[in-house]
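I've put the structures underneath this note.
Here come two complexes built around chain A, the first alongside chain B, the second alongside chain C.
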Partner chain A sequence: MQKEQILQAHKLLGKFDYQLGSLERGYSDRTLYVNLSTNEIAEKPVSLETKEKFIGGRGYGLKLLWDGVSGTTKWNDPENELIIAPGPVCGITQYPGTGKSYVVGLSPLTQTVMDSNVGGYFGPLLKFSGWDALEIQGKAERDVVVVIDGNLGTVRIEEAPLEEINSHLLIEQLTEIYADTEEDKANISVITAGDAAEHTLIGLLNFSFYDKSRQAVRIKQAGRGGFGTVFRDKKIKGIVVKFLGVKGNLNHPADIGVLNKTGIKLHKEIATLDDSQNKMRKIGTTYLMKIMNDYDILPVRNFKYGSDPEAVNLSSDAFCKYFNLTGHDGCWYGCTLSCAKVIESFKLKTGPYLGTEVIVDAPEYETIAGVGSVCGIFDPEFVIECNFYCDTYGIDTISFGTLMGFIMESYESGVINEEVTGGLQLNFGNSSAALEVLHQMGQGVGFGKIAGLGVRRMKQFFVDNYGADPSFLNDIGMEAKGLEFSEYVSKESLAQQGGYGLTNKGPQHDEAWLIFMDMVNNQLPTFEDKAEALHYFPMFRTWFSLLGLCKLPWNDISPANNRTTDEPAKIPEHVQNYLDLYTGVTGKQIDVKEMIRQSEVVYNFQRVFNLRMGFGTREHDRIPYRAMGPVTVEEYESRAERYDQQLQQFLNIDPSEKNSEEKVQILRNYREDQYQQLVDSVYHRRGWNKQGIPTLETVQRLGIDFNDLVQLIQEKSE
Partner chain B sequence: MITVNGRDFPWEEGLTVEKLLQQKGYTFPAIVVIINGNPVPEDEFYKTKISDGAEVKAIHLIAGG
Partner chain C sequence: MRKLLTKEELCTGCGACEQTCSQTYFKENNREKSTIRITDNEGIKITVCSQCGSCIDICSANAIYRDKSGVVRIKKDLCVGCLACVGFCPEGAMFQHNELLEPIKCVACGNCVKQCPTAAIALEK
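After this line comes the complex of A and B, so read on.
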């Protein structure tokens, strides 16, 4: 369809002219509010208190959402919001990994507050257009696009009936429509979802960036929590931001010299060490597949096992031959770690675009493990095909993979059958059946509609409709808080069980990934050690989300002398880099203690936000037993030597005197008790009471003892 | 018997750091090895022998998430 024809069908629903302005030390001190029910568009000032306490990014998102919804708001109520916020450091071009923005809103999966981070150009261009955050509320009657022009100083809501929905087509259309010339495409970033985001609860958002060298629009994903579903529920087809004039000083940093110096140091480190470390520039995060398989923590067949001989077929070697490495693969300017690999031409074998050659944002570790090994499918071309369709349909590959593993185990154990699946034989390893479910999600038909509910709701559906045993499904359904697990086997790491369970949003590894420190290095032998790690790392990682930073340049590359430092796991030199970047942009001097305190403010605020929405207490921090230990005899016996040894060592039980069923139960009792002891220790370290609620002393110490928070804590703590 | 990261592991005559890492299945590319408090340079893993009773740390430099 021609650009003119598409544009002709657009109808202007709302327009807002604003004063352009420049950022000052990383901030514009205003946010953009768009209401799709009323077509109101407005500017909101950011108060000094909000700036000091919430810092930016996810912090701003949480504060805006708190003010925009009530404790009874549901994800699909018009008052729910989608907030997209970069952070004060976001947008600098001197240091790798500084283009992240954070999406915040109420999740259809968890029913409470969610955050998801994403690369691409949207966050930085939004900032340079003059906004510290974009806050969207309300629901349009018909499909719309929101267009922010950061050079003209306009925001428009346009009815957009003719564009495609699926991302790989829509991002091209919107980029083409709003670019004045070919060169201008690099000044545009687009957010889209896709057909399946309308029909499932696991929708994601694609954020685009224009790849000049390949002359292609590429995408990064805000995958977790179902924001694509919220997006389509609000009848948003796309959000476009346009800004011409990106350069290295647009944040108007306090000391650009510090940014230059810190950036050059890391660029040199990457140039000299990446090839001998993780090879991120060549293979992205695919390097993790071999490591996870070697250490028995790669999830295989719905997390029953941690390795598989066939996993070699999904190694980085298997994927890198598809990668095109001739261009630059950073998802924001200045990122020399450039992990966003691309498959330039892949001929699709299934679905509505069968036979089409498409560009694929290449699979990362989580996708390969999720749709691959979790489903017992060890075929790289299946993974690439699945990755493409998940992206274009707008659904999260992690949730898709994990829920498909649950379906396959449910099918093989007789919980569901072909009658339920519409004839699909959903055994582990059946790649064509898995793809069929994915296409059904895209169309909103058949078993795909049930699958798209996510693991938590599927469990209930199977119990209610097919008489399934709820305790078995609760054991094997890899979800917590309603969110599907990301892709690591945590059975042998109690700390990682906490890293999944004791999170604000659900089992995503972006708070703490402690498996090696705990399980392999044995650096966290006591509950106190584990609790300390489950305090420091989640707070450290939260800080990235406040500032607009990517995690990967923190520890997917490390200085040559890192191994001789006191705490190599923390990468002390890189932590100092981040403090320097903060000072360089904002002019404020902080140390690690203050960094952690800044995060604690936001982290605890989010915990109380969960409380406000009816969650955020101990019972919501449970995890399925599959994440703690072997659910079935089959699993136990697959690692019998390990488990038998533990029975002897920890419980002084002679395994030869017990049968496998007894041993499964004894080990379970022990591990569940360990988890509860860990929960107590972590709550104590975080300044929470036994229910998992931040104490009044904690919120007072952090300066978030706002009246409504205090009242809520008092009510819920009684 | 030696300990590796605080856990018992059987010792054998001629055990080197390289052999130990192989036996443990430690394939991760960034591991710091410390024997009785003394760090072992990576390029000496193949020739550094571990004596019976040694306390070995094989710290994998990966953490955080």
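After this line comes the complex of A and C, so read on.
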């Protein structure tokens, strides 16, 4: 379809002219508000208090959302919001991993507040257009695009009936439509979802950027929590930002010399050490497949097992032959770690685009493990096909993989059958059936509609409609808080069980990944040690989300002398780099203690936000037993030597005197008790009461003792 | 291919090349803005671009290119100042100065060659 034809069908619903301005030390101190029900567009100032307490990024998103919704708001109510916020450091070009923005809103999966981080150029270009955050509320009657022009100073809501929905086509169309010339495409970033985001609860958002070398639009994903579903529920087809003139000083940093020096230092480190460390520049996060399989923590067949002989078929060697490298594949300028890989031409074998050669944002570890090993499918071309369709249909590969693993185990254990699946034989390993479910999600038909509800709702559906045993499904359904688990087996790491369970948004490893510290290196022997790690690391990683930073350049590359430092797991030199970047941009001197305190403010605010929405207490920090230990005899016996030895060592029980059923139960009692003890220790360390609610002392210490928040804590605390 | 050739054993470390370079491009005598650098740590070393072009691949803004005479050049209007090329230059010959938003490098103009009293640098054409 021609650009002119598409544009002619657009109808202007709302327009807003604003004063261009420059950022000052990383901030514009204003946010952009768009209401799709009323077509109101407005500018909101950011108060000094908000700036000091919430810092930016996820912090700003949470504050805006808190003010925009009530405790009874549902994800599909018009007052739910989608907030996209970079942070004060976001958009600098000198240091790898500084183009992240954070999406915040109420999630269809968890029914409460969610955050998801994403690369691509949208966040930086939004900032340079003059906005610390974009806040979208309301619902359009018909499909719209929102267009922000950061050079003209205009925001438009346009009805957009003719564009495609699926991302791989829509990103090209929107980039083409709003670019004045071929060169201008590099100044555009768009956000899109896809057909399956409409029909499932696991929708994601694709954030684009134009790849000059390939002359193609590429994408990165805000995957977790169902924001694509919210996006399509609001009848948003796309959000476009346009800004010409990116330079390294647009944040008007306090001291650009610090940014230059720190950035060059890390570029040099990556240039000299990446090849001998993780080879991120060549193989991206696929390097993790071998490590996880070797340490028995790669989720296989719905997390029953931690390794498989066939996993070698999904190794980095298997994938890198599909990758096309340019030497600069990062998702924002200056990211020389370049984890984002590209498959330039992949011929699709299934679905509506069968036979088409497409560009694929290549599979990362989570996708390979999720749609691959979790489903018992060890075929790289299946993984690539599935990855492409998940992206273009706008659904999260992690949730898709994890829920498909649950379906396959349910099918094999007789909970559901072919009658339920519409004839699909959803055994582990059946790649064509898995793809069929994915295409059904795209069309909103058949078993795909049930699968798209996610693990939590499927469990209830199977119980209500097919008489399934709820305790078995609760044991094997890899979800917590309503969100599907990301792709690590946490059975042998109690700290990682906490890293998944004691999260604000659900079991996603971006809060804490402690398996190696705990299980492999035994650096966290006591509950207090684990609790300290489950305080420090979630807070440290939260800080990335406030500033607009990516986690990967923190510890996927490390200085040559890191191992000789006091705390190698923290990568002290890189922590100092981040403090320097903060000072370089904002002019404020802070230390690690203050960094952690900044995060605690936002983290505790989010915890109380969960409380406000009817969650955020101890019962919601439960995780399925599959994440803690062997649910079935089959699982126990697959690692019998390990478990038998633990029964002897920790419980002084002679395994030869017990049968497997008894041993499963004894181990289970022990491990569940350990988890509860861990929960107590972590709550104590975080300044929460036994219910998991931040105490008044904690919120007072952090300066978030706002009246409504204090009242809520008092009401909910026993 | 046009590029600067060096003979470190002839260099006396007088700094005339650095002065000429910064004068030519920035109208000031400031070795920190020179694209050729002489250091003397247990022996004189001349650091200057060999026009190898590895910076071309590292640039995500497509701002670095090789011109017809083989010289690697930076298009300032396209450069976003990420400094990846500075960190990845195998010669350490891509330079950066905090007053400038883009990195600087030798374009083999030859002005320094004319000023060198000992013929420690030469221009290959």
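Rule of thumb we're sticking to: the second predicted complex is superposed on the first by the 717 of 718 C-alpha atoms of A that agree within 3 Å, B and C clash if a C-alpha of one lies under 4 Å from a C-alpha of the other, contacts with A are read in each partner's own complex, and residues count from 1 in each chain.
The rule is short, and it goes like this: a contact is a pair of C-beta atoms (placed from the backbone, for glycine too) under 8 Å apart; a residue touches a chain by one contact, two chains touch by 3 or more.
In this text the structure is predicted, and so the values were computed from the model without any measurement.
By the touch criterion defined above, A:537 reaches chain B but does not reach chain C.
The partner that reaches more residues of chain A, of the two candidates chain B and chain C, is B. Once the two complexes are overlaid on the shared chain, A:246 sits against chain C while remaining clear of chain B. Of the two partner chains, chain C is the only one touched by A:93; chain B is not.
Using the contact criterion defined above for the overlaid structures, shared-chain residue A:256 touches chain C, although it does not reach chain B.
Within the superposed three-chain model, A:569 lies in touch with chain B and out of touch with chain C [touch as defined at top].
Look at A:330: by the touch rule set out above, it reaches chain C but stays clear of chain B. In the superposed model, A:264 makes contact with chain C only, not with chain B. In the superposed model, A:312 makes contact with neither chain B nor chain C.
Annotation: chain A has no residue touching chain B in one complex and chain C in the other. Looking at the complex, you find that chain A touches chain B at residues 276-278, 290-291, 294-295, 499, 509-514, 516-517, 520-523, 525, 537, 540-541, 551, 554-555, 558, 562-564, 568-570.
Against chain C, in their complex, chain A makes its touches with residues 93-94, 212-213, 246-249, 256-257, 260, 263-268, 270-271, 326-328, 330, 333-336. Taken together, the chain C residues at the contact with chain A in this complex read 57-62, 80-84, 86-88, 96, 98, 101. Put simply, chain B touches chain A in their complex at residues 5-7, 25-30, 32, 39, 57-65.
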